[in-house]
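Next, two complexes with chain A in common: one pairs it with chain B, the other with chain C.
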Partner chain A sequence: MATQQEQIEGFGHVSRTIGTVFRYVLLAATLFGIVALTILLIYVANDAIQPLTADPGWHLTFFLTLVVPTLLVGGYLLRTDPASFRFGATVVGLLAVSTMFAGGAAMIFVDIVPPVVWFGYVVALGLALGGVVGIERLDRRLPFLARFVGAGAVIVAALGIVPGAIQSLPVYPTDGIMLTLSLGAPVAVVVGRYAAAEAGRRWTALAMLVALAAVGAGEVLGPLLAIGAVPATVLLAVAVVPTAGYAVGHTRRFPARRSGLALTAAVLGGALVGAAAVDALGFAGPQSWVDWQFLTSAHSGTAAEAGLYPAIGGSILLMVTVAALSFPLGVGAAVYLEEYAPDNRFTRFIDVNISNLAGVPSVVYGLLGLGVFVTYLGQPTGTVLIGGATLALLILPIVIISAREALRSVPDSMRQASYGMGATRWQTIKNVVLPRAFPGILTGTILALGRAIGETAPLIMIGAPNVLFSLPTSLSSKVSAMPLQVYAWASLFASEPFYQAAVPAGVVVLLIVLLSMNSIAIVLRNKYQTDQ
Partner chain B sequence: MSTDDLQRDLTQRTENAPQELLTRSFFFLCAVLSIVTTVSIILMLTTEAAKFFSVTAPLMGVEGPTASAVDFLTGTEWVINNEQFGVLPLVSATLAITIGSAVVALPLGVATAIYLSEYASPRAQRVLKPALEVLAGVPTVVYGFFAVVYITPALRTIIPGLGTFNMLSASIVVGIMIIPMVASISEDAMSAVPDSLRQAGYGMGATKFDVSVGIVVPASLSGIFSSFILALSRAIGETMAVTVAAGTQANLINPLNPADYLEGALPMTAAMVNLLTGDITGGGIAYRSLFAIGLTLFVITLIMNVISDLVAQRYREEY
Partner chain C sequence: MTENPEQEYAADESTDDPTTDDMLVETDVSESVAASGPTMSANTVVRAENINVWYNDEQALQDISLEIPENQVTAMIGPSGCGKSTFLRCINRMNDLIDAARVEGDLYLRGKNVYDDDVDPVALRRRVGMVFQSPNPFPKSIYDNVAYGLKIQNKKGDYDEIVEESLKRAALWDEVSDRLDESGLELSGGQQQRLCIARAIAPDPEVILMDEPASALDPVATSQIEDLISELAEEYTVVIVTHNMQQAARISNKTAVFLTGGELVEFDDTEKIFENPESQRVEDYITGKFG
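Coming up: the complex of A and B.
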C-alpha cells in the first residue's frame, strides 16, 4: 500500500502587508464621500455665514461665555455621568428643533391661517369628536351603518357650521387668547400629564394650568419683546412649554440625571450672556447672509436683498399637504399588504409594482402631475394642491415600504393573542398592530418627507413659479419651495453675487431643516430599537 | 333575550361585518392606488408621446407639426426652435453621466460595503452608516450648486481648459450621491453570507484579505451586481444636479472619450427641465417632445430595475 506522503515545509510565508494596505484603502474609500461632503458643507457654511468677518473680540467673547463653559460642563458630565449628559443635550436639541418648528407655525398663523379661522376649526373638531363619542356611547346595538352615517353627519355639520359662525361673531377674543385656547390647551394637557405623571390628579391639573398660563403669557410678553403676540404665543406653545415640561417630567422620573440640566443652563446662559456682552462692548458680529432679513423677505433682483420667506412658507404648506395625503394612503396600502392580502399573483404584482415605482425618476412623476392634474383634470399649474399631490405620489412607495417593515416587526404572537380574545381583524390592527408599529412608521414617513422637501424637478414640471413674492394663502394658490428658489437663483439668476450670497444662504437654511428632520427620525429610530 | 344576543355575538361571522368590510376595502383601495399610478404613468407617457410622432399622430387624431420617429431616435441635433428633435445628443450626455458616476461610485461603494461588513467594529458602523445616509439625503439641487461653485474651480487648477459647465464635475457629484445606494445594498448582500463560509476560509489558513476578496465578494456577487444596476438607474434619472451643473448646450459627445467630459452637454432629464423653464405652450410639439423623452427615460429605468430584480433573484446563492 503506497501511501502518498507529501513533505510539508511549514506554512509558507504569509504577508500581512497586503492585508494592512487593503484595510486602509477600504477605510479611505469609505471616508471619501463623507469627507468630500464635509469639505463642501464647510465651504458653503463659510460663504453663507462668513464667520471671519466678525470682530476678533466677538469670537473671543462667545468663546469665553459659551464655548468654554459648555466644554467644561459637557466634558465633566460625559466622564462622570453619560446618561445625564445625554439628557442635557436632548433638552438643548429639543429646544432648538422645536423653536424652528415654532417659527414655521408662527409663519402659518401670521400670514396663511388667521388665528380666528384656526380657532373655529379647532372648536368644530372638538364638537365633532364629542358628537361621535356620544353616538358611540348611545347604544351599542345600533347597526354599524347607522352609527357610521350619524358620525359622518355630525362631523360634516360641525365643520361646516361652527367655523363660519365663530368668524361672523361681532366680537371675538384677541388672537393671543384664541391661540392659547386652541393651541395651548392641547399642549398643556399633554405637557401636564407628562410632567406630573403619577403625582395625583391635583398636581396634574395644577401642571396643566401652569402650562396653559405660560402659553397665555405670550399675549403680554410678545408686545414687550417686540415680536407680536401671535409669534410669542406660538413660540411658547410649541417650543418653550413642551421643552420645559419634558425637562421637569424627565427629572421627576430619573432624579439622578438632574445634573444634566447644568449643560442646558451652560448653553442657554452662555448664549444670553455672550449676546449681552458683545452688545455692551460693541463688537460687531459676522456679516452673515443667513439673517432675519433673508428669512423674512421675498426674492429680489439684487442678491443681498433677496430672501427666502415665500419659499419657506411654500415648503411648509407642501409638507403639510404631502404628509396629509401620503401618510394615510401609504400606511393603508402597507396594512393591506401585510395584514389582509392573500398570497396570490395579484398581491405579488402589487409588490413588484411598488418596488418598481420606487425606482421611477422624480422627473417622470413631475410629468405625471403635469399630464394628469394639469392637462386632463384642468387644474391651474403650480398650486399647493397639485405640488403636494405629485410629491405625495413620489414618496408613496417609500412610505409603503418602510411602513411594511414596521408592521412586519410586530410579533405574530401579539396578533394571535388578540384574535384569541375574540377581536376582529380590524380591532386587532387598530388596537395591537398599529400602536406597536407606529414609531417605525413615523420614522419612515419623516425620512420620506425629508426626501420630498428636497425635491425640485417635479415642482418645475408642474409649473411652480420660479419667483414668488408672497406666501400662498390657500391650497389653490401658486407655491414656491426652498429647493426651487435655490435652483432659480443658481441657474436663472446665475451671477457672482447670487453664487456668493443668496444661494449659499438658501442652501444652509434648506440643509438645516433637512438635517434636523433626519435627526428626529434617527433619534426616534434609536429609541424605538432600544425599547424593543 | 340576553341569551339570544349572547348567542348571536358568539356565533357571528365577523369577517364580513360592515365595519370590517369598510376598513378592508379602504386598505385595498390604498394598495390598488399604486397600480393606478403605474398605469396612469404608462398611459400618460405613451398617449402624449404617440401624439409627438408622425407615424402615430393620425391615430390619435392630432393636427399640427409632428416629428418622425426615425429622426427622433437617430437625429444628432436637438434644437427646439428649429423643431429638430434628435435624441442622440441627450442620450449621449446621459450615458456620459452614467459612466462617469459609475467610475466614481462603483469602486468606492463596493469598498465601503466590504469595509462596513468585514472590517468595521459595531461602533464604527453606528457612526458611518448614518453619515453615509446623509450623502444620499442632501437635495440634488444642492449637489449641482456644489459642482458649479466649488468643484469646477478646484478642478480647474489641475485641468485649465475646464468649462464653467462640464460633465466632469456633474459626474463626480452624481457619483458621490449614489455611493450610499451601492454601499448599503452590497453590504446587505455581504452580511447575508453565512459565517460558516468565513470560518472555513480561516480554517484553511486564509487571511482576512483572502476571506474578504476570495469568499465574501464572490458569494455576494449577485447582490453587488443588482446594487450597481439600481444605482446606475438612479444616476440616469438624476435631474437637478445635472441641470445645474452640466449646462444647456445639447452637444453630441462620445461618452468613452475623457476629453469630452471637459465641456457641457444636455442629459435627457436636464433637457426636460429646460423645456419647461423656457416658454412652451401646452399641447404644442415641444410639450409633446417632453413626454417622448420621458417615455425613453421611463423605459430605460424600468428595464434596469427589472433586470436588477431578476439578477438578485436568479443568481442569489442559497445557503
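Coming up: the complex of A and C.
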C-alpha cells in the first residue's frame, strides 16, 4: 500500500560510541610512540649541539637572515605554487644530502684510497669495458666461448696491469686533475644524459663539458677556500654539480617552476649572510659538540678532544663491504626463489627459515661470524672484511625478503607478455622483471644497510676494537664503527663529559648518516610509486 | 633463425599432417578479408584435433577440433569459463606456464604438431603473436616495446624501419612518432593496446592471438581496435577471443561458439552462426536467452 502520501518522520540513529573510542585509542597509541621518540631526540640533540650556549644575538641574526626569509618565501610558494615549492625544497635537500655523501667520499680519497690508485682502477675499468664491447662488436659470429675467454682476458689484463703501470709512472697529474677525470667524467656523463632527457639531445655535449669544467674548478677553488684540492673536487663532483644539473635540467623542462629556486636562494643565501653577519658582529655560536674537530679527530682521553673520525670512516668501509657482499647474494637468492624455484616442500621450508632468520638476534650472528670466520677459517679478528661479512650475513635475510617482495610486485601480465613474445625465462628476467623490480630491490637493500650500520653486538663479538686512532687502510685492517665508539664512550670511558656530550654527539652523527642513507631509499620509493 | 621459417616448419614433419602439404602452404589464395561469403578456399593455418585440457582434475576443454583459415579473423565466443581463452593459449602453448594445466590432443600450426616432443615452446611463441586482455606494455620506451621481439630473437635488419612499419600498421605511428623514447606506460589505454599489437606484429608472426583485446577499453578505443583487426587480417591470420557478440559479428569471418563445460558447440562462417545457427543452444546464447 505504498502511496505517494506516505512520509518518513526520521531515520533513527546508529550508535558510533565504540568506534569513536577505538579511533582515539589508536590515535593515542600512534602519538605515544612518536612523541616519546621526538622528546628523546630533542634531548640528545640538545646535549650534542647545545644551542642555548650561543649568544642571543647569534640566534636573532640567523632568525632574521635564515628563518624569516625561508618561512616567507616557502609559505608564499606553498600557497601559490606547490610544484615550485617542492622543486625548491628538493634542491635544498639534494644539496644537503649529497654534501654528506661528498664528505664520506672525500674521507675515502684523503685517507684510504689515494687518488692515483682510484684513477688507475677507473682507467683500467674503462679500458676493460671498451675491450669487451669491442670484442662483442668485432664479430658476432665468434663462438660464445671465444668471446667469453677474450673478454675475460681483457678484463684481467686491464685490471692487473693498468693500475700498477699508472702508479709506477715517474710523473703523474695532480690529485685534483686525476679525480676530475676519474670521478668528474662519470658524473659529467650522468649529468649530460639527464640534460638530454630533460632538455633535449642537443644539450648533452654542452652539459657534459660544463659539468666536467665545474668539477675541474676544484683544483683551483680548493686551495683558495683552504680545504685542499681533493675534498673540493669531490665536493663539486658529488654534491654541487649533480644538484646544479638537476636544478638546471628541471627548470628547462618545467620553466614555470623556476620560482622554486627562490626558496633555495633564501635558504642558502640566508645561511651565508647569517654566517657573515655573526662573524662581523662578533656573536658567539653554540658550543656544539658536533663540530669540525669532533668529525675530524680520533678518540682521546679527554672528552673535549675526542672525535669520531676513524669510526665514521670505519662505518663507511663496513657499509661498502656489506653492500658488496649482501646485494649480489641476496638478490640472487631472491630471483632464484621467486622466478625459478618450483613450489614444493623444500622451497617452502626455505621460505619459512629465511623469515625466521630475519628475526634472529644480532648477537647470534656475531657468534656465527666469530665461529666461522675467526675460529674456523682462521682470519684475524676485527677486520673490515670479517666485520663486513658478519653484518652481511645479518642483513642477508632482510635483503632476500625485500627483494622477493619487489619481484613479486612486478605484475604477472608483464611476464606473460614477455613469454608470449617468445622470450626465454632468462630474457624475461633480465629485460622485464629485474628492471621493473630494481628500485624496490634497491630500497629494501638500503633500509637493510641502515640496520647494519647501527649494529654493535656482532662487531663486539668478532673482536672489533673499541678505539681506533686511524682509518683502516685495507680490507684486512682493524675497523671500528660509530655505534661501537659511542658504546665505548658510554661504558669504558664513562665519565661526566663523555656521556653527557660525546655520546649524544656521536648518536647525532650516526643518525644523520643513517638518515642520509635512508633518504636515497625514500627518493627511490617515491619515484617507484609515481612510475606505477 | 632460418631464412624461410615457414618452409622449414611445414617440411620438417609433413608426414604428421595428411591434409596440409607444402604446395598448399606456398600458395597464397585468399587476399581479401572483406569477402564474407564461403571461405572454403583459404589455407588452414591452425588445425586442432581432439584437444582436451584439464586444470588439475577439472576438464576445461572437451575434444575440440577446428581449422583456422589463413588471413581471416576467427572469433571465439562463449560465456565466461567456457574455455575459449584456454583454447587460444593452447595454440602458443602458454598453458605450459600454468603448472596445473594438462593438454592432450594434437594442434598443428602450418602442418607441424606443436605438442610434439621436439617442439620448443619458446621457438613456437616466436611465430605466434599474442595480445592480452588488459594492455600490458613493458615499462620501457615506446620504441623498445615494439623492438622487444626483434631484440630477444636477435633478428637482423633495420630496427628503426621495422618499428616504424609496425607502429603504422597498428595505426599508432601518427600519435607517437615524435615521442618514441617516452615510456609506453604514458599512453592512454587504447594507445597502449595498439602498442601491444604493434609489439606483437613486429617480429612478423604466422598467427596473431588476441585474448579479449578490447574488453578493458572505452567504446572509441574499442572501435579503433576493431578497425585495426580487420586491416591486420589482410596480412595476418587473427584469432580473437571476445565476450562481445556484436564485436564477433562485426569483425570476424568465422566464429566458434564455446559453451559451458568446454565444448565447441558450433564453428562456421560468422554470418551463418549469427543468422541461422544449427544448434538451438547457440541460438539461445546469441539471442541472449542463455549465458
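The criterion applied here is as follows: the second predicted complex is superposed on the first by the 501 of 532 C-alpha atoms of A that agree within 3 Å, B and C clash if a C-alpha of one lies under 4 Å from a C-alpha of the other, contacts with A are read in each partner's own complex, and residues count from 1 in each chain.
Keep in mind that, in the parts below, contacts are C-beta pairs under 8 Å (C-beta built on N, C-alpha and C of every residue); 3 or more make two chains touch, one makes a residue touch a chain.
Keep in mind that what you see is a predicted model, and the values were worked out from it rather than measured.
Of the two partner chains placed around the shared chain by superposition, neither chain B nor chain C is touched by A:Thr296. Contacts of A:Gly454 after superposition on the shared chain: chain B is touched, whereas chain C is not. By the touch criterion stated above, A:Thr80 is placed in contact with neither chain B nor chain C.
In the superposition on chain A, A:Gly420 contacts chain C only, with no contact to chain B.
In the overlay built on the shared chain, the residue A:Pro411 is in contact with chain C alone; chain B does not reach it. Residue contacts after overlaying the shared chain place A:Pro435 against chain C, while chain B stays out of touching range. After overlaying the two complexes on the shared chain, residue contacts for A:Val363 are found with chain B alone; chain C is out of touch.
Across the two superposed structures, the residue set of chain A contacted by chain B and also by chain C is 424. Within the complex, the chain A residues that touch chain C are 343, 411, 413-414, 416-424, 427, 431-432, 435-436, 531. Of all the residues in chain C, the ones that touch chain A in their complex are 92, 94, 97, 99, 122-130, 132, 134, 136-140, 148-149, 151-153, 183, 185, 196, 199-200, 203. Residues 14-15, 17-20, 22-24, 26-35, 37-38, 40-41, 44-45, 48, 107-108, 111-112, 114-116, 119-120, 128, 130-135, 137-142, 144-146, 148-151, 176, 179-180, 183, 205, 207-209, 212-213, 230, 233-234, 236-240, 243-244, 269, 272-273, 276-277, 282-283, 290-291, 294, 297-298, 301-302, 304-306, 309 of chain B are the ones that touch chain A when the two sit in their complex. Every residue of chain A that touches chain B in the complex is listed here, in rising order: 11, 14, 16, 18-19, 22-23, 25-27, 29-30, 32-34, 36-37, 40, 43-44, 143-145, 148, 328-333, 335-337, 339-341, 349-350, 352-357, 359-365, 367-368, 371-372, 374-375, 393, 396-397, 400, 424-426, 429, 450-451, 453-457, 460-461, 463, 466, 483, 486-487, 490-492, 499, 503, 507, 510-511, 514-515, 518, 522.
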